[in-house]
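Let me begin by handing over the structure; questions about it come next.
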Amino acid sequence: MGNALFSIAAGIALIALVTAAYRFFRGPGAVDRVIAYDVLTIISISLIAVISYLARRVIYLDVAIVYGLLSFLGVIIVAKYLERGL
Amino acid sequence: MINSILFVVLALLALSSAITAVLAKNLVTSILAAGFVSLLASVIYLLLSAPDVAMTEAAIGSGLSTIIFFYVLNKVRRSGRHD
Amino acid sequence: MQIAHIIGGIVSIVGSLFLLLGALGIVRMPDAYNRIQAGTKATTLGTLLFLAGIGIAEPGWLPKLAVLILFILFTNPVSSHVLARAAHHIGIALTSRTVADKLREHEEAARD
Amino acid sequence: MKNWVVSMILLFGLWLLLSADLAVPILIAGFIVVFLIVLLFSVRNPVFRDIKLGPKALAYIIIYPVVFLKALVMANFDVARRVLSPSLPIRPAIVEVRTILHSPIGRLMLANSITLTPGTLTVEIQGDSLFIHWIDASATDINGATESIVRGFEKYLEVIYG
Amino acid sequence: MIKKIFAFLLLIALAGVFLVVLQNYETPEELNLTAAYYAEHGAEEVGAANLVSAIVVTYRGLDTLGEVTILFLTASILSFFLKQREERGKRSVRASSELLRTASAVLVPFIFLLGAYVFINGHLSPGGGFQGGAIIASGLVLLLLTDPLRKVSSRLLARVESASGFIYVGLGIAGIFLAGGFLDSRVLPAGTFGTLLSAGLLPILYILIGLKVGTELSGLLTRFQEVQVPDGGDSPDLKKGENV
Amino acid sequence: MNFGSLALGLGFLLILIGFWGLLTQKNLIKIVIGFSVVDTGVHIIMVGIGYLQGRTAPILDAALMQRTAAAGNQAGASADVGSLIVDPVPQALVLTAIVIGLGITALLLAYVVRLHEQRQSLDISSYEDLKW
């Protein structure tokens, strides 16, 4: 039962991922793509968390933590590049 | 079941993102798309029961190498007449 | 035991709906700033609920999930701010429905 | 000194959350690592210097997340209403507001809170002025905007961070 | 155009090869001999819960040593290629927002702590020296991003790097005399399986690898980050150019 | 549906896409991007080869030990870890390969920067001195 509910949650998150990826591929500007990239990383963090739940391994969450931090860095560097502050 | 759906959808997204990375005109788009391929790859590694690799890919593939690409892009933009 | 998993699952589904809302927001909104608005708020709460749902189902995982939630709560608004600032600096246009742009007025006043 | 204590407590708290275990070797290893990191950074970045630790501040530290979470949930229903309605009811503007907070971390928390609450996003901060993108601007003058965006958080943050 | 057709034909041929491989690929049902050996004996021989770490540090420790050396060489070649030279004209760098500076000042110690956690727990949970080193290098990049004028003390980096390299090799040689061979982790007692103090020397070796990789990646990244003179900006922090 | 062969297929396709970029693009940075896509594809293939259907990560923590105990009770004998985990060897190899990949990418990009300093161009057709 728990697994079924979490599978539904994972499915909805996956739909969200595809929706955000639409904005990522379509653009039009670099800023729009970066916004989409930010949203995509956050949705992926949720996906990683639900994968670790479905596999019943708490250690997978370490990956999500690392991921959360480094996605922040990626967005910052693109923003700094765009505003010529690098 | 849901794992298979996740795998297939993520793989398709990774493929389309790789095509974007290779064919896009704009270099920023291209680099971001390559970073996105790495990002999806690291979720796929997790589905393949390889958390160590997933963590390395997250830290290095989608983190540090994107950073290096942008540093280089910045250097190139500043040192020349490049558009 | 089982009931915790069901409650957690429902909370996670609500969270994933918010994630979907954020994704829809960045698709539907007309300009970059409004997209950032929709994207940040909805995904922050969405992830928070999603992780909280997993925490309800598996109480032993709560410490790590707490780290994750704190990081996201802290970094997400900062990255939105940095993005919005960069967008405004390079002159990304606001949508035509915008009623005022005090920041541009301020910068123009400073330049003169 | 206060900065040292606060950063060590926070870092050690993170270590405990990450380890999720109270065995003696873990505590000792955590203490060594935290000490080294504080040694490396505390001199250059005294960010927690301005934090206040009186009883009222501690009480507000506990109350503030509640206020903030309530605003975050409100924000999401607001976003949901706007995104899902077909006509996209927005009336955006970038407005200027003033803050009375002086410590960097207080201002950071204020800006973060503003970004996560209904319809507002911090775009720029210059001196005491925050420039805020407001999705449904009801007032575009400084005083009106300040009153409706900033005050709610400021009264808590002022006590905590000064 | 002729080039594109040629490339296309090449890819078709490659795709054919891949197709044949894919069709003849039989998914394994059981672990192969090597892996089965590691799975059976890894826990008792090395005492590390994370078998991947056990392989990387102990069974294939020599490869890791070689890899760290390759990274070191890369960093050296980079410093040769990207010599810091005087900038011809002064260019404006937009100063970071005050919020970003505060946020990174708060965040960087936490990132370093996370990196340390990842390589200290390399034998228990996913992660280890490489990941931890990469995280620490990212923390450094965040510092550089918010304040492009900050100079990273390359001497400190070089010292940490060479010290951890020497200790790593030294401990490896100690393994020859005190245990079964080069980089054998059984110099220290195995400890209780699954706790922080287990797996003998492995955590220490992984910490050293983490420090070495972290400093090498930092050196590599700071090579790409050039130092420049700003002509404006309101950052009060810009004049301090000390080490981290 | 076997993840192992799916991963193999995905990796092969990524390699092809990356090679296409490597061979046809003119911009030096785009060529490096193509290389990094190929790199990712190779890593996915290697992890996919080590994958065994229905097994979990080779980290013997408390959760996995409980699982071996449960499997042992069902079988009536002591279950061994080898029947529950995927192959750790390819993962260890990929771990090092990713780090080396970063080193190679950095090196290639350093060459790009150097070349650009000399000719002010990122187009590969302006570097034809050594072509024969």
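As written, the chains take the letters A, B, C, D, E and F, and residue 1 is the first residue of each chain.
The rule is simple: a contact is a pair of C-beta atoms (placed from the backbone, for glycine too) under 8 Å apart; a residue touches a chain by one contact, two chains touch by 3 or more.
Everything numeric here is computed off the predicted structure, so don't read it as measured data.
Using mean Cα coordinates as chain centres, the one most removed from chain B is D. Across the two interfaces under comparison, C-E and A-E, the one joined by more C-beta contacts turns out to be A-E. With centres defined as mean CA coordinates, chain E is found 18 Å away from chain B. Centre-to-centre separation between chain B and chain D, using Cα means, comes to 31 Å. A separation of 11 Å divides the Cα centre of chain A from that of chain C. Spacing of chain D relative to chain F, judged by their CA centroids, is 39 angstrom. Looking at chain A, residues 10, 17, 34, 55, 57-60, 62-63, 65-66, 69-70, 73, 76-77, 80, 82-83, 85-86 sit in touch with two or more other chains. Looking at chain F, residues 20, 50, 56-59, 61, 85, 91-92, 95, 98-99, 102, 106, 109, 113 sit in touch with two or more other chains.
Touching of two or more other chains is recorded for residues 22, 24, 36, 44, 60, 64, 67, 71, 74-76, 78, 80-82, 85, 89 of chain C. Interface residues of chain A facing chain E in the complex, by the touch rule stated above, are 59-60, 62-63, 65-66, 69-70, 73, 76-77, 80, 83-86. Across the interface of their complex, chain A is touched by residues 92-96, 100, 111, 114, 118, 125-127, 131, 135, 138, 141-142, 145, 148 of chain E.
Of all the residues in chain E, the ones that touch chain D in their complex are 97-99, 101-103, 105-106, 108-110, 112-114, 116-117, 120-121, 195-197, 234, 240, 242, 244. Across the complex, chain A is touched by residues 1-3, 5-6, 9, 13, 16-17, 20, 26, 28-29, 32-33, 35-36, 39-40, 42-43, 46-47, 49, 51, 54-55, 58-59, 62-63, 66-67, 70-71, 73-74 of chain B. Residue ranges on chain C touching chain A, taken from their complex, read 2, 5-6, 8-10, 12-13, 15-17, 19-20, 22-24, 26-27, 32, 35-36, 39, 43-44, 46-47, 50-51, 53-54, 57-58, 60-61, 64-65, 67-68, 71-72, 75-76, 78-80, 82-83, 85-87, 89-90, 92.
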